[in-house]
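Chain lettering (A, B, C, D and E) follows the sequence in which the chains are written, and residue indices restart at 1 in each chain.
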């Protein structure tokens, strides 16, 4: 074996080769991220374009144009909305409702999740009531929302918050329960306070659950705002959509929806980025297929 | 130390004590489960009764009885519904829709979740489109539901399934990603097929996520069925509720909702039991507070 | 009896205008005509259209706007039976507001419209009839609906009542019985009763009727005739014997307080069509209204046969 | 040096209930009538067969497990709830996977509110001590087994608890690194007045480091015997074999252990 | 016995990129120019300092890690993707926490479609062999560290792979249990024609078991030297110290290792 080692070259040459490899890997690492990023973007664009094209072609042939419209008409309607109906003004209003409701609902879900999961007895008693509350069709609560939150922006925020809360709450509880008990134990022995435990052990352990909930609730918050606007409103994209629906204006309907979707996708991207950041330590995050 | 051991008594006495302890622990173990069960049930009943009482008292004083009714009236309405409106017939219809929709939505979410998570590239491309789809207010899709699924039971099942799918899908993906990569690796080296991996490694690892999703979606499925019945129906509890709402019959409205909640709670209990069974191996499941 | 039995599905938006149809079914008149009628409620007009167009249902209670709009898309629906002879929206106002502004039904209608200035007014949804006619009232008084008042959409009757009761809106309008509940409970007074003809321009006006898909009408004239015959029987029963009508209606509203049903019927019947017939003038009035309002840009002919026909009506 | 009892274990029994058997949850005895006094300031080792209850006993001292019967006292008070006064290096490393090596080492200092720059400085010193400089920014899964264990070791030593429980702290380390760390540990400990409870399965290690050695019987574990190590201080762990007292004591320990071996062999076949 | 190469490692380099450093992802060299031939049917041990790349090399043989440069061949073919032909006992036990001891032992047989009753019967035999009878229905967290490791060991041995990679399989075991299992392992292996690659940090263990010992230098790891163990077969692990060839060979190995020690000590202070 010593002979073999000799045969591979002098020590200096090996050193040289090691250095070259290091450089290669460093640059490859950077390059690969860029390539993946690019491929994903291209893939999404292609997929999106294909869907729009299919829609455009199918509409009027396979699908009833009266009900599904077609992308070209929707684009025109979107443009018209932008110019004539002050779309941006309405959009800003709806997005504010959704964002504030999202923040409140997610915040409440997290806080209550942490508060209850750490006290199992209370959780077990309260849980069925929370679940039951979520079984109540929102429409039935509309008058109560109006009585309690009025017909201004507050009621829309409340609806959005309610739709977000439950999902974040249940997932947070599940996440907290999945925090390995040994980690809690060593942390406690090392002198962690309850707050340290929550912040530095339980929260990071529950991150995958919380991020999933935050992702699920992005569209929910938006729909919550829209539902809120259906319940009562005099502005907002929900108002525009509702008007378009009332006038059987399918392109207008979809135009309003498209405007929303842009916001939903931006928020979703934000959550994904946040998740990637919080779980950057996770070796397999995002590379599940390729076991090695 | 030998002296000390002697001092504690003869070897036989120690044996004796050990045996007694074993018996004590075994019987305590059983007793404790029963006690916990009982306390939980009592706690829930007390909490529920307190809420109903508060409602009964507040209604007409703090709350406007017209909009919130009161439990005694609701009970009367429930009784009347049972007798005069064939509540059970409608309930069976709605529960069928919700259950079938739940099964389809959850099944599709699981299957697609497993299919996509294991192919990260496809997932990253498709994901924003799925999220976007969920950003579309259901109301906008209602005409399409009627066109495609008709005004019979199929369309309600479809709405329920759609409301369940997304949540199960995203949580399944998150669960799959949280499966420790080392487990996948040793399993693969031991000769696990892809199907073995999914069934015996990934699925159990993702269980907490999947159970959380199944729990979240129980009320969602029910609401989906109700929304479907609001869109179009001539029977089902949603129809009863919708009719009560049309005639501003608040007790009737709440009576319909209460009938639903019983079903929601039963289903929720079922999921909880399933979760406890699947995660029986998990040492801290349910005992988060008490670190020792 | 000798005619072949048919099954038909009718979708509707659950309004009380449908009372004659409900009664015709519940009293067995449909059955006697050999029709098995299945009624299905939908949430909005657009959904009824979807059901009609996709062949899920054969009958639907539509309004002329929907008919015109569909025509533009190359689909034709035809009104075969008129439900209402005028707009049925009655406006209820919070008593304090009414008192402060000194508004009542005794004033001339124009003054009542003008008095709405500066109010918060409730409608159901933008683009719905409540919205369209509210705006019309305001325009009649020379007001700008977007600046001189605040129009707030509040999905349904319960929400509107809640908003009025908590004084978040000053007034709203809707068909009976909702406005009368506010009046009964003391937080509303009805100030405009178009169901009683308070607004002359909206009287003798084609508001809502039963429509069928053209293709269906062409093939099933006989069924349509049997259908109208049964409904007209019910219509007569409803006018002659309210108690009997309410008994029949209970099949569809089993738990609703009979007194409430009676109240609703009492308020709505005067606005309902006696025999379902239409005329060119009624239709023309609505078409012109929509054209003036900017809802449509081209006015189709109001002549019989295009949007409507009395051909199938059997009295 | 204080010669009072740091830890006092009295008549401890531990019954566990295993949950895998679906139909019957059978309880079994893990510790049987264990009594032991660990005097303050001493270095005490536990040796004994796998599964005899050593880790369970340490868990009790840290308050993570409650005795089913009997009592564990810490500095005269019954341990009831988490004992944050001890430092505990568990058998598994239990590093937090979302923290880098350095962040893991600093975590206890964070709990104690030590300012960031002091934390960094102290961490750097300890990291260098166990030969991990250069790996500060590796996450646990990017470290080798031995590196993880060394990290877990200094994560506890860094906050200088007065009683340290160590469960096979040098387990997955090569003989070389091991001796160096033994030496380092003795240097840190000698004259510090700290109490160390040390689980190992390496008799040489136990002899080289300890004042006393408690030998456990096989399960249901009990303490078979406690030995006083007849070697002087300070010790040279690099040449412990050469110590005059070593061979005889080693042979005695080994003889006593053999009895347990025979039992296990009998059971195994 | 077949004397071809079971595993052939050629000029392997491994570069890892640690991800903890937020601003710069610095690559570093873990293995440097490793070449080694592992002949079929032999028992080869790896010894070397902690963090020198032993586990990484085993991972490469199992196809879990790809070399950055160079090649790993298994029975003449380049390892490309998971190598299901080997059995791999990893350094961490990696037991599936949702399966009881017995279910964990049976898992590989399940993958192979062995019928339930055969599985049960074989599992019982192996479980008894490592002294774990009675704990079949314990979940991993209800087992001691050594019990978990023994479970991981038999989980792989039970399906009798022709090449077995073992990363410190007896790490957390007491000296007593350890020798018994060493003996057991040798009895299973001798005459079976299997190839074993065995990582350990116990020189005595390496000598007692192996045909060849590869000594690694400290990181960036490379193989410093390969030794042929000069002891005959069969061996008596219980009295390996008494073997005439033992003392001299042990001293030689230890001398060569010391050089690495000196380096580490220099670095550590």
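Worth pointing out:
Following the convention adopted for this analysis, a residue touches a chain if its C-beta (ideal position, glycine included) is under 8 Å from a C-beta of that chain, and two chains touch if they have at least 3 such contacts.
All figures in this text were calculated on a predicted structure; none of them were measured in a lab.
Shared contacts of chain B and chain D, meaning chains that touch the two of them, come down to A, E. Shared residue numbers account for over half of those found at the interface formed by chain D and chain E, and the copies are therefore classed as meeting with the same residues.
If you compare A-D with B-C, the chain pair joined by more contacting C-beta pairs is B-C.
Mean C-alpha positions place chain A and chain E at a centre distance of 44 Å.
Averaged Cα coordinates give chain D a centre that lies 25 Å from the centre of chain E. Listed for chain C are residues 44, 46, 49-50, 53-54, 156, 158, 161-162, 165, each touching two or more other chains. Looking at chain A, one finds that residues 64, 67, 139, 143-144, 147, 185, 188, 230, 245, 281-283, 291-292 touch two or more other chains. Each of residues 19-20, 28, 63-64, 82, 92, 100, 139, 142 in chain E touches at least two other chains. A complete list of chain pairs in contact reads A-B, A-C, A-D, A-E, B-C, B-D, B-E, D-E. Interface of chain A with chain B (complex): residues 39-40, 43-44, 47-48, 51, 64, 67-68, 117-121, 124-126, 128-129, 131-132, 134-140, 143-144, 147, 166-167, 170-171, 173-181, 184-185, 188, 208-209, 211-212, 215-216, 218-220, 222-223, 226-227, 230, 238, 241, 245, 253-254, 257, 260-261, 264-265, 268-269, 282-289, 291-292. Across the complex, chain B is touched by residues 11, 13, 15, 17, 19-20, 25-29, 32-33, 35-36, 63-66, 68-69, 81-82, 220, 222-223, 225-226 of chain D.
Taken in their complex, chain B has these residues touching chain E: 182-183, 185-193, 196, 200-201, 204-205, 207, 279, 281-283. Taken together, the chain D residues at the contact with chain E in this complex read 16, 18-21, 28, 47-51, 54-55, 91-92, 100-101, 128-131, 133-139, 142-147, 150, 167-168, 171-180, 184, 201-203, 257-258, 260-261, 264-265, 267-269. Residues of chain B that touch chain D in their complex: 1-2, 4-5, 8, 14, 17-18, 21-22, 24-26, 29-30, 280-281, 291-292.
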